[in-house]
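Multiple structures follow.
Two complexes, one shared chain (chain A), two partners (chain B, chain C).
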Partner chain A sequence: MRRILSSLTDGKGFDLLLVGITLIFLILLAGLPLVYNVLLSFQEVDMFNLAAFSRPWAGLDNYREIVSQPEFGLVMRNTGIFVFGSIAGQFAFGFALAIFFMAKFPFASTIRGLFLVSWVMPGLVVGAIWGWILAGDFGVLNAVLQGLGIIDETMFWKSDPALSIWAVTMANIWLGLAFNMMLLSVGLAAIPRDLYEAAELDGANGFQRFTTITVPMMRSTIGAVLALGLIYTLQQFDLFPAITEGGPANSSNVAQYWAWQWSFRIFDFAKGATVSVMMLAFVLIASAVYVWSTRAEVRG
Partner chain B sequence: MTRNLRILLGAASAIAIAGAAAAQEDVTITVWSIDGDDRPGPSDTFSAEFSEMDNGITVDYRVVPFDEIVNETLRAYATGNAPDIVSLDNPDFALFSSRGAFLDITDMVAESDVIDQDAYFEGPLNSVMWDGRLYGVGKYTDTIGLFYNADMLEEAGIEPPQTWAEFEEAARALADPEAGVYGATLSARGNEEGTFQFLPVIQMSGGSYENVNTEGAREWLTMVKGMIDDGIMSQDVLSLGQWDSTGTFNNGNAAMAISGPWEIDRMVEDAEFDWGVTLLPTFEEGAERSSALGGFNLGIMSTTEHPEEAFEVLEYFVSQDDRLFPEFGYLPTRGDVELPESGVPLKDAALTLFQEQLQYAQPRGPHPDWQQISKAIYDAEQAALTGQMTPDEALSQAQSTIDGILN
Partner chain C sequence: MTRAPVPYLLLVLALGLAALYLFPLYWMYVTSLKGGSEIFASPPTFWPRDPDPSIYPETWARRDMSVYLWNSFVIGSGVTALTVLLGTGCAYVLARYRSAWIDVALFVILMLQVLPASVMITPIYVGFNQLGLLDYPRFAVILATAAKAMPFYIVLVRATFMNVPRELEEAALVDGNSRWGAFFFIVLPLARNGILVLAILTFMQAFGEYIYSKSIITTPAYQPASVGLSGFLGPNSTDWNGIMAYAAIYVTPIVAIFVLLQRRIVAGLTSGALK
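Moving on, here comes the complex of A and B:
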């Protein structure tokens, strides 16, 4: 008995206790809802049997119906554009800014700090602001572009099916930029300065230093940033109701917003769950990449 | 000093105890509605008034945005936190009343001195009935017509259009892209607002929500698509709600706008031109008319712990029906309310017109799965107007979706 107690305060028991608390927390708050969600996708659910436990079993019917929806292909295509467009944009601009702010100039870190404002703002607020910027006839972006002479005709960012998904992607790039920049800045700061000095003495130019020192040294940071970017982008929801509502005609609808529409617009909770289970597969891949890329970080 | 302090403390605790006692006696009735979101409305105003009366009932009012109210109520109902009274758009009402989520108030109304079931108009009354029982009362009703900028029409020598062909002709004549003026605006948004404005077109061409692929509906979609393509109508009609869409009309950026009586007060304020309203155009002169039946209903949730007190609140709301039009620009759902002249000629003329238009207003549903039917209808409209599908393809797809829901 005493041995158990003492191992709890100092030793393996303490470790197990900590792991146990975390595990219980995860199982209760993440594991069970996840299993419940998967269960929902195999049942027939509407609002009035949502609170009940036993519901009619639907098997794979929900999956078949989701895939045979006329907008299924469009939604998948949009999700792809949104996810890869956002990640590419956030990463490229974030990396560029991170390197820019590594340079020593007055107020560099203060200005870098200000960039965090975009990350602190709630998605709905960001969405509302971008909604005004992107408005068709009276939008800020159109006024600027027309003033600069880049476009002649009004661009209907929110109402043109060819533009709408790009409009939301643009807003999301802005939203995620600061987060990418901060993580990459941390990675950059961790690279020893003397490596660059040595390379410079050996005659390596800026581009060579970037490709042979910065990128290899940043590999695990980059992996983590990209994986987190995928997860955050797949759960980005607020911008859609605030900017385009997935429209017009589903041209900016993505899987996460579609799932919400099924559940809370049409009240077919099973179909909503089905779409989220499909998304789960993508997130699992991203998580695997994240775990793999951060494997070298901390070993206890 | 300490003495004073002690007296003060004593007084403070006495007040606190008295306050707690008063709070215990008061029954709290929660009311949810969209009123008060973008402008003051009846439910928020009447709730505050009733709450201030010394009658042992406190009303806890919450504004829920239009897009959220059905969700929020469903979620609250499923988890046992439903409000006592909720105000829903009339086509959403059947979803709840058909499943017993609203309290059957047939007998309470029969004994009430304030609420008289026979006084209500048929359309709004039907939307609160299910299986011959009464589950709520109409809060207010509305419909849509065609607003026009009388100055622009007069300058161009055009009469207010009575048919869709005249509507297109007028819009094309009045549009002035150089000056940023569109010929017409409406709302074809991908939500209930889209259906609200498009379903009347289906109905006046001989269809209904059960039968959407009519020749008239196809013609109309082709006409509107052509107007968007030619810049006669803004492409933003696909994403703007009616309130924002009519805002462009008030600013003089559109010569005509399809919208309803809730716009009148703001238009009187904002529009710096002479305007008028005419009935929603028809396909041929003298052909069948139709319009949307809008407006909200009030119902008591069946989960309420205080049905009597909730009904008292409901009675108070109904007793204030004569203020709906003068104060909020809404039309009452019953025929026994005198609508006073406002003294604003444009407003009174518009009111007369909308009362005439109400005779042609047809309800959406009632059907428990209205949301799904509505989605099929606005999806079809959007698919056709963006050119994703031809009007025929879009409407036949909607028809097969609707058939699946109805059967």
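Moving on, here comes the complex of A and C:
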């Protein structure tokens, strides 16, 4: 007994205690639900057996039914548009801004820091603001675009089925842009300046310096940022209930919102779990890329 | 040909870009100050004709914002307390050693960080329901949100602990401190700033949490401000100045804290090995 006590104050026991409690908490509240989710997707769950511990086995029925839903293809296509549109937009604008803010001028890092305010705002508030900006008749985006002569007639961003998924994607690009810029700035700052000076002396122009120095030196950062972009885009939920609620007619519905609707609108928790399991496959691939790209830094 | 003006041109350009980027925030405040008919003016006015702040007390009272914001505060505080309590020690141990086991623990934590809340809510809801935890809805939300916030906190606080020189701690041990003493009186005070910034970030994230609260808390008296906002928000909203006033009241404290601590928050996020 005394040996255990003294190990807790002075030896391995101290370390094990600190890590152990936290890992048990995380496994109970994140690891276990993950496994439970997979189990649920193979069961029949309804309001009557929701609280029961044994439920009828459904085999692959849930998966078959999900795939044969008429909106399945639409939701997958929207998820693809949302994920790739968001990542492309966030990354391109974020990279451009990160490069711009590498220039030396007064208050550069302070102004750059202000961009990050989007990242601390509640997602639902961001969704509310963008819902108003994108409003069809009275939205400011339409007014600005018409004023600039880019569009002629009113665009119904939220209620036109051809546009609604792009409306949410636009809001998500705004939301994620600052974070992308910040991560890319860290990567850019780590490139030694003299590489650029040497290339300049050798007569390389700006574009050549970008493709032969910046991009190769940033490879692991870019990998991590793109993988994190995929992870965070698949985590993005709040914008959907705030802007379009997945409508009209599922034209802006994506997998993460669809999964929630199955569980908490239709109360078919097994179907919600099934859609979630399908999504998880993508998330796990992205996180493998992410962990691999950052392995050197993480181990420190 | 002088080179002096170039940095100032860049500064002007940078301010322009920041103004463009922060326009949605500006638009929220401006809309909330407009009257009921002016918000539907075409073309929209970029500065309210006669700013009317009376919508703020009106929205505050009509939407029961004191109840909602108090619940947000309770959830945010609970999540932050739980995360700091459990995460700090874990981050410290993970920063102190290097072994295959530490790598495994880090890998597990990183993988848990990526799970979307919308994936986790279904099994968490069903499981909490079976355990009877749904009878304590705010506590249930705190548990679930803390589990979501914890990995991010651990990874970044670990980076803070890596910057604390090992020698200081060893000297304390030689002087007769126990491991607990060295941890509480030497290591923690040195890492205080990093921990504080990340605790504030955790609070801000939990203060705006939506999906767990929306799914788990069904009694309006326990719902946070995000769920309260969703109650009158949707594709067919028209009460835009009320919504923007609500959003402004909700987000202004967060924006204020962010602006005050901006440099530290950015440094805390970027000094860490990964974000």
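Here is the rule we go by: the second predicted complex is superposed on the first by the 268 of 300 C-alpha atoms of A that agree within 3 Å, B and C clash if a C-alpha of one lies under 4 Å from a C-alpha of the other, contacts with A are read in each partner's own complex, and residues count from 1 in each chain.
Just so it is clear, a contact is a pair of C-beta atoms (placed from the backbone, for glycine too) under 8 Å apart; a residue touches a chain by one contact, two chains touch by 3 or more.
These numbers were taken from a predicted model, which means no experiment stands behind them.
In the superposition on chain A, contact of A:E245 is made with both chain B and chain C.
In the superposition on chain A, A:Q235 makes contact with chain C only, while chain B stays out of contact range. When the two structures are aligned on the shared chain, A:A92 is found in touch with neither chain B nor chain C.
Once the two structures are superposed, chain B and chain C can be ranked by residues of chain A touched, with C on top. Applying the stated contact rule after C-alpha superposition, one finds that A:L60 touches neither chain B nor chain C. Contacts of A:I151 after superposition on the shared chain: neither chain B nor chain C is touched.
Once the two complexes are laid over each other on the shared chain, residue contacts for A:G136 go to chain B alone; chain C is not touched. Looking at the shared chain after the overlay, A:I266 reaches chain B, while chain C stays out of its contact range. Using the contact criterion defined above for the overlaid structures, shared-chain residue A:A198 touches neither chain B nor chain C, since it reaches no partner.
Judged by the touch definition given at the top, the superposed model places A:P161 against chain B, while chain C stays out of reach. Residues 50-51, 135, 137, 158-159, 241, 244-245, 247-248, 264 of chain A contact both chain B in one complex and chain C in the other. Interface of chain A with chain C (complex): residues 9-11, 14-15, 17-19, 21-23, 25-26, 29-34, 36-37, 40, 45, 50-51, 53, 97, 100-101, 103-118, 120-133, 135, 137-138, 140, 143, 147, 158-159, 174, 177-179, 182-183, 185-186, 224, 228, 231, 234-235, 237-238, 241-245, 247-248, 256-257, 259-260, 263-264, 269, 272-273, 276, 279-280, 283-284, 286-287, 290-291, 294, 297-300.
Interface residues of chain C, counted against chain A in their complex, comprise 6-8, 10-11, 13-15, 17-18, 21-22, 24-25, 27-28, 31, 39-44, 86-87, 89-90, 92-98, 103, 105-127, 129-130, 143-144, 146-148, 150-151, 154-155, 159, 162, 178-180, 201, 204-205, 207-211, 214-215, 225-226, 229-230, 233-235, 237, 240, 243-244, 246-247, 250-251, 254-255, 258-259, 262-263, 265-266, 269-270, 273-275.
Touching chain A in their complex are the following residues of chain B: 67, 71, 74, 77-80, 95, 99, 101, 180, 189-191, 234-239, 248, 253, 371-372, 375, 379, 382-383, 385-388, 397.
Interface residues of chain A, counted against chain B in their complex, comprise 47-48, 50-51, 70, 135-137, 156, 158-161, 241, 244-251, 264-268.
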